[in-house]
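Submitted below is the structure of interest, expressed as C-alpha cells.
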Amino acid sequence: MTHPRTSVARTPVGLIAFLFIIATALGCSKNDEKTASQPSNSTSPAAAASTPSSSPSGSAAELRMQCYGDGNECEVTRELLAGFEKKHPNIRVVVDVVPYKAILENLPIQLAAGEGPDMARVTDLGGLNKYYLDLRPHLKDPAYWEKNFGKTLDWYRAGRDDRGIYGLMTQLTVTGPIVNKTLFDQAGVAMPARGATWDDWVAATHKVAKATEVPFPMAMDRSGHRFAGLAISMGAKYFDADGNPAVVDDGFRNMAKKFIDWHKDGTMPKEIWGGSGGGQYRDGMKEFQNAHIVMLITGSWQIERLDKNVGDAFDWVAVPNPCGPAGCSGIPGGAGLVVFKHTKHPKEAALVLDYLAREEVHAEYMVRTANIPAHAAITEKGLDYKLSLAAKTSLNTFMGEVSGILPPAYVLQGYPYNRAIYNATVSRLGQSVAGELSVDNALKRITADINEAVKEAQRK
Amino acid sequence: MNDKFASWPHRVLAVVTGALRAITHLMLNIPERPMRWAQRVLGGQRIAWLFLTPNLIIFSLFTFLPILINFYYAVTGGVQLWPSERPFIGTENFQKLFACDNYFDYSTCDQDLFWRAIYNSMKFVSIQVVLMVLFSLITALVLNRKIVGRGFFRSVYFFPVLLSPVVVALVWRWILLRDGVLNAIIESMGGEKVLWLLDPSWSFFWVIFVTVWAQMGFYTLILLAGLQAIPRDVYEAAQMDRASPWRTFRKITLPLLMPNMIVVLALALIRAVQTFDEVFVLTGGGPGSATTFLVQYIYNTGFAQQIQRFGLAAAASLVLAVVLFILTMAQLRASRSKIDG
Amino acid sequence: MARLQLKKVVKSYPSGDVIRGVDLDIDDREFVVFVGPSGCGKSTLLRMISGLESVSSGEIIIDDQCVNDIPAAQRGLAMVFQSYALYPHMTVYQNLAFGLENIRTPRDTIAKKIAEAAKMLQIDHLLDRKPTALSGGQRQRVAIGRAIVREPKIFLFDEPLSNLDAELRVQMRAEISQLHRQLGNTMIYVTHDQVEAMTMADKIVVLRSGNIEQVGAPLDLYNRPENRFVAGFIGSPKMNFLPGVISSIDSDGVQVKLDGDEEPTILARVDGAGRTDGEKVTVGIRPEHIHVPGDQSTGRTAAPNGGNTVKLAVKHTEQLGSESYLFAELSGGKRVVVHLPGQTSARIGDIIDVQIPAPSCHIFQTDRGEMALPRLDAPIDRPTTPQTDQ
Amino acid sequence: MANRVVQFLTRTRGHGRFHLTDWLTYGYLTIGVFLMFGPVMWLALSSFKTEAALLQFPPPLLPYGPAEAEVEGYDRPLPLYRVEKEDGSETIMAQVRRIGLIAQMVDPDDPGTIVKVNVKKRKRVEEFQLATENYSDLWRQFDFPQYLWNSVFITIVATILTLIFNAMAAFALSKYQFRGRTAVFLFIIGALMIPPTIVLVPTYLVVSGMGLLNSPWGVIWPAIATPTGVFMLRQYMLTIPDDLIDAARMDNASEWRIFWRIVMPLSAPALAVLAIFSVMWRWNEFLWPLIVLNRSEEFTLPLALNAFQGELKTQWNYLLAMTVLTLLPVTFVFAFLQRYITSGIASAGVK
C-alpha cells in the first residue's frame, strides 16, 4: 500500500533535502563572495588577474566607482584602470555601470543619506560640491591639474573663493549644429560660412528643405542646455551682477520668441520639444539620420554615433555655431569623475584620478571614447581619433568652437543649480511649443519656477 | 546511453521536490510548537494577531513608517533629506499648492502644473476606467463563447500583463513616433503621417489605449471567471422566456457578474489614479503637460529635479491619497453589500 | 463513560442572545437529538458543546469536568458536519488519517484504525479517492468514518443527512442508529427534521429561539407536548389548531366553542383546573386522530370512545394508496387536515361527518408560553415509567 | 479530411451554423492577436537589428543589413547597389566610394572599370541579417549570469516570503473574529492608496537606517507586505468553508497546522496568482533596486538593462536585446503555468 506517509515518516527525506539546500545555499554564498571580490567587469581579465592576494604596502583598498555611459566610457575606464592596478596592486577599482538616471536622481539622495560610492562620473558638477573630496592635498602635482584643466576646475567649485580641485573632466562637450551636407548639395544651395547669423541659416535651410522636399529645415535636442547656447548668442546673461540667477533678460526673451516662431512656421518639428512633457530629454537623431532634417542643433557627443549609424547614406558635417548679436556661442558641458568625502580611501582615490589625468592615459581615453578632452596640452597637440574623415573634421570643428564660447556660458555651466534652470526652460518652452502657454507666460513661469526652486534650496 | 539524458531531469526534479517537501515539512513543524503554546496563552481568536505579526512588522517598517515620514515632509521645507534637518513651515506647502486666483483656470495658480495634473488625472481616470471595464467585459464575453483555441486566445490577451510598464511604453513609443511603425504602415497604404504624440487629444488617446492594452488581460480573466460561474440553466431559462440576447445580457449576465465587476472597478480605479511608469516613458507627460498626471507631477517635483522639493511633493501626495480615499470609500459604500464577506 | 451536563448555558452576540440559559443532562450512551426550526440555536448549542463556539456564561461539563476553557481539539469529541467538511485536497485515507496524525499516532495504528472504520462503513474501496469523486452518501460515510477513527467520547452530528436525497436519508438514518448500537457512544444529533428525531432519538430536545421547549422520549413528546410549539413541531402532518373559547369545564374535560358563528363546540379530555369559562384557548387535533365513520374503504370507522362529531366539507383529497389525506373545512370555513389509513371514498365537495375522540384533543392556552392543559388519559408511551392516567 | 477541419472550426454554438456573432467573435480575436502580440513580436525582431536599422524610416519589418561583396582589387568587401542604367535597366554594382552626389561603382564581374553614378540612381541591396552581436556583446560586456542569479534570487525569495506572510495575514483576517480586525484590514487597504513611487525617498531612509542598502534584502523586505496580496488572498480565503477549519479543529489540529495543511493547499489557485504577480513585480522592478543596489555584483537584470540609457544617448540595440532576454524567463514561467494562472486569477479576484 502506498498510502501517503505521515509527517513523522517524511522526516528523513525532508531532512536530507534540507541539508542539501543549506549546502547549496552556502555554496552559492561562497560563490557570491568570490564574485564580489573580483572586479565586476568581465571585460577586463587583466584586472582580475592582476589582483594578488598579498599587498606589498598598506592594506588593500577597494574603491567603488559609479559610472554611466553614453557609449563605451565605462568600459574604457575599466580597461585603462587595469594599467593602474598593475602599478598599485593593493588598490582595486570596481566600476559599477549604472543608468544615467541613477546618477542624476538617486546619487544625490544617497549622498545626502551618507551613502553612495567612493567615486562617480557625474554631470551635476557644481550641484554636488558639498559631497566632494578636495583632491589637492592628495595630488602629486596640483599645478599640472591647474595648468591643464584650469578652465573646467571652476565648474566643480562651490564659489569664487573655492580653490579646491575636485574632479577630472572625462568628457567635454560643446553644443553646435550638424548639417546634412548632401541635402545642401542636392539643393545646390551654398552653406552659410562662419559668422553667418541664425537668420541666415534659417533662410538657407529653408531653401534646402524646400528643394529637397525634406519636411524640416532644423531641429534642436529637447534640452535647456542646448537652448542656453542659442540664448547666450542672443545676449542672454542668465545671472545678475551678484551672480544670482536672472534668467529671463532681453537676450533670452528674444531667443525664446524666435524659437517659438521657428516651431510655428515649420522651421522646427514640434514633436521634439512639444511631444514630451516636463524636463525630459529627447534628441533629434532619428529624424536627422533619416534625412528628415537639414540641420540638427546638438553637440559633439553625437559624432561617433552618427559616424557609425549614418555611414554612407549621406554626408554630414558639423558647422560653426550661427551667430546672434552677442556672439556665436555654443555652451560647454560634460561629465567628470569625482571622489566623495565619505570614502575610506581618499589617498587611493586621488591616485586613481591622478593616473587617469596623466596625459597619455587621458589622451587614450579621449581617442577611444571619441570625446573632446578638457586637457589643455592634449587639445593643443590634437588627437588622432579613430573615426572617418568626416567625423574627425566635425570633431575638430567642435573643438574649435570652444574658443567661441561666451563667458556667461561658462558661468552657467559652473552654476550649482544649472539643471534647475535648464529644466524650467525645457518644460515651459515645451508647453509653449505645444501651444499651452504663450511665450510671455512661459517666460514668467520660467522665472517663477527658478526663483522658487532656488529659494527652496537655500532654506535652512 | 540514453540513460544519462533521461535521468538527469529526473534527478533535478527529485532534488527540487525533495527540497520543496523539506521546506514545507519544516515550515509545518518548526513553528508549530511555539504556535500551540501561544494558542494556549492567547486563546482561540487572539491567535490571529500572531498570524498578522510578520506582515504587520514589515508593513509598518517599510510602508507605514515611510508614509508617516512623507506626512512630515509635507509640513517642512528645504531640500534636506533627513526629516530632523528640515525646517518646519506648517501649511506653507499646502498654501502654495492651493494658491490660485481663479480655481477654474489652472494657469492662474501658483502651481499650475499641479492643477493641470489633477485635471488630467480626473479626465484620465474617468475615461480609462470605463474603457478598461468595457473592453475587459467585451473580451471576456468573447472568450467565454465556445471558440476554437480558447486557451491560446486567453494567453494572448493576458500576455501584455507580464510586460513591465517601461517595456510596454518603450515598444509603443517606437510604434507611435513620427517615424514609427504605425506611420510607416499608414504611409505604405498611401496615407499621411499623423503626429500621434504631438496632438494633445491623440496623445491622451494613446495613453489610455496603451494602459488598457497592457492591463486589460488581468481584468478580463476576473470577469471571465465570473461569467463561467454563472450557471447554464439560468441562460436556458432565459431562452425559454424568449429573452432577446441583449435583454439576457442586461438582466441576467450583468447582475450576476456584478461582484466581479466591482472588484475590477476597484482595482482599475486605484491603478488608474496611480498611473505613472507607462505614461512617463510613452509621452513624458507631453505634449506640453497634456498627459501629466498627479503621480508624475509628484515625481517631477520631488525626485526628478536638481532641487528636490520633497515637501511640496509630499503635500501633493497627501492630496492624492485623500482623493483616492474618497473615491474608494464612495465605491465601497456603493457596493458594500456586494463585496466584503 | 461520557456524561454531558449543560448548566445555564448562554451564548450572546452583539446582536442578541442566541442561547438563553440552557440546562440539560445527557447520559452516557444516550442518543440525543436537538430539533427545532432553523435559527432556533440548535447548531450553536452543538458547536458550543464541541468547543468551536465559546460559552458566554454558564458551564458545559463533560464527565464532571467543566470544559468551557478547553479547546475543541482536547475535549475528546468528534463532529460530523452538515457539509461533511471533507478536506477536498486530501484523499479519503488522508482525510481519515489527518486527525490521528495530529495527535502523533503511530503510522501502523492509523492504518489499522482506518481499515477497521472503512470496513465498518463499507468505504474501504474508496480510500484512494478524493472527496470530489464520491457520491453524497459516500461522503457522508467518510465524514462519519473520520469521526469514528478518533474514538471520541461523544459524537456530534450537525444535520448530517440534510444534503442527501430521501431514499438515502432513510438508509443512513438506519445506519447511524445501528452505529450507535454498535459503538455505544453518546451521540448528539442536530436536525430540523422531526422524522429523524422521532426515528433515531433516545431523547429529543426541542429548541426554539435559544430556549429548550421540551425534553423527552419521542413518544412522550408526541403524546404529551407541553406547549403548542412542540405539539405543532412533532408529528406530520402538522396538528390542526383551532382557536376558541372555553364554554364549560367539568370532570369529563373542557368544552371549547370554536371561534366563528357556525363553528361547533369541541370536548377535550383535559384537566381544566385553574381555567375559567370564556378564556381564549386553542384546540389541537392531530390529523390522524380524526375518524370518518362510514367511510367504507377505511378500516377505522368509529372512534374508540366517542367524543365530538363534526361536519367537514372536503375541498381536496390526496390518495397515497396506503393512506389518504383530506383537506377539508369546518362549516365556518376553518381548515382541517385529516389523515386516514388506507383509501378513502370521500370526494371533493362531499360533506362528511367525522368523529374526534375527546381524549385525543389537546388544548393550549393562548397567553405567553401557550402551555398545554394536562391530558387526562393520554396513551402510555413508556411502559417502564409508571403513569398515572387510566 | 478538409471537411473535418471545417467542421471542427465551425463547431461553435452547437447548432452547426456559422452565425454572424461567430464572425464577429473570430474577427475580434484575430485583431486581438495582432494587437496584443504584434508589438511584442516587433520588439523581438527589432532586437536583432543594428542601431542604424533601428533608427531607419520606414522601419524594416525584418532585420536587414546591407549586402556586400568581395571584389577583386579591393581589400574590404564593398556594399552592393541596384543601379538604374541610362537605358532604364537595372544591374547590381558594388560601390567603391561616394563623393557628394556621385558614387563610384564597379561591376563585380568587371572590377577594372569604375562607373560614375548619380546617388539618386542607386538603391542599396539589402539582405536578411541578424545582428546577433547585440546579444553576444551583452554577454561579453556583462556579467550576465551574475545579474540573472541576483534577479532570480530576489524574485524567488521575495515571492516565497510574500506568499507565506501574506497568506498568514489573510488567514487571520478572513477566518478569525477578533477585536481590531476591521481596523487592521482598513490599515492594509489604506496602503493600497499610496503609490510606492511617492514614498521612494522615505523608504530609502528607512532601509538605509536598517543597514539594508546594497543587499538583496533591501529589495526583498520592503516588497513583501503587499496590500494587494493580502487583499486578494483574503477575498479568496473567505470562500473556504468555515466547516473545514472547524473540522480540522475537531481533528486536533493546531491553528498553525490548520493554516499550513488546510488553508494553504486550498488557497493554491489564489497563491498561484499572487506568485505570478510577485514574480512579475520583482522581476520587472526598476526604480527601487536602482536606488538600493549600487554595486554591480548586486545588480538585477532591469538595472543592467537600463545601463544602456546614458545622459545623451541610448544604445537602443543593446537595450532591446536585453529587454528580450529579461522577458524570456517570465514568458517561460507563464507558458508553463498558463492554465493554472488563468483559472487561478479567475477564482482569486472575487468573493
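Lettered A, B, C and D in written order, each chain numbered from 1.
As a convention for this text, a residue touches a chain if its C-beta (ideal position, glycine included) is under 8 Å from a C-beta of that chain, and two chains touch if they have at least 3 such contacts.
This one's a predicted model, so the numbers in the text were calculated from it and none came from an experiment.
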Completion exercise
If chain centres are mean C-alpha positions, then the most distant from subunit B is chain C
Exercise for the section: State the pair of chains with the top count of C-beta pairs in contact. Expected result: B-D
Exercise for the section: State which chain is most central when centres are taken as means of Cα atoms. Expected result: B
Practice task
Please report how many Å separate the Cα centroid of subunit B from that of subunit D, as a whole number.
Solution key: 17
Handout entry: Euclidean distance of C-alpha centroids - subunit A vs subunit B, Å
Key = 35
Practice task
Give, as an integer number of Å, the spacing between the C-alpha centres of subunit D and subunit A.
Solution key: 29
Completion exercise
Separation of the C-alpha centres, subunit A versus subunit C, in whole Å, is 88
Completion exercise
Residues of subunit A that touch at least two other chains are 7, 104, 109, 113, 286, 290, 292
Exercise for the section: Can you tell me which residues of subunit C touch two or more of the remaining chains? Expected result: 71
Handout entry: For subunit B, residues that touch 2 or more chains besides their own
Key = 28, 39, 81-82, 179, 303, 308
Practice task
Please give the residue numbers of subunit B that touch subunit D in the complex, ascending.
Solution key: 24, 27-28, 31-32, 35-36, 39, 45-49, 51-52, 54-56, 58-59, 61-70, 73, 81-83, 138-139, 142, 145-148, 151, 153-167, 170-172, 174-175, 179-181, 184, 187-188, 213, 217-218, 221-222, 224-226, 228, 259-260, 263-264, 270, 274, 276, 295, 298-299, 302-303, 308, 310, 313, 317, 320-321, 324-325, 328, 339, 341
Exercise for the section: Mind listing the subunit B positions that touch subunit A in their complex? Expected result: 15, 18-19, 21-23, 25-26, 28-29, 77-82, 87, 89, 107, 110, 112, 177-179, 195, 197-198, 200, 203, 283-292, 296, 300, 303-309, 311-312
Practice task
Would you tell me which residues of subunit D are touching subunit A in their complex?
Solution key: 51-52, 55-57, 79, 95, 98, 100-101, 119, 140-143, 146, 149, 201, 204-205, 208, 213, 290-291, 294-297, 299, 303-304, 306-313, 315
Handout entry: subunit D contact footprint on subunit C (complex, rising order)
Key = 47, 50-52, 71-74, 77-79, 81-83, 85-89, 98-99, 102-103, 146, 150
Problem - Interface residues, subunit D side, partner subunit C - complex - result: 241, 243-244, 246-254, 257, 261-262, 265-266, 268
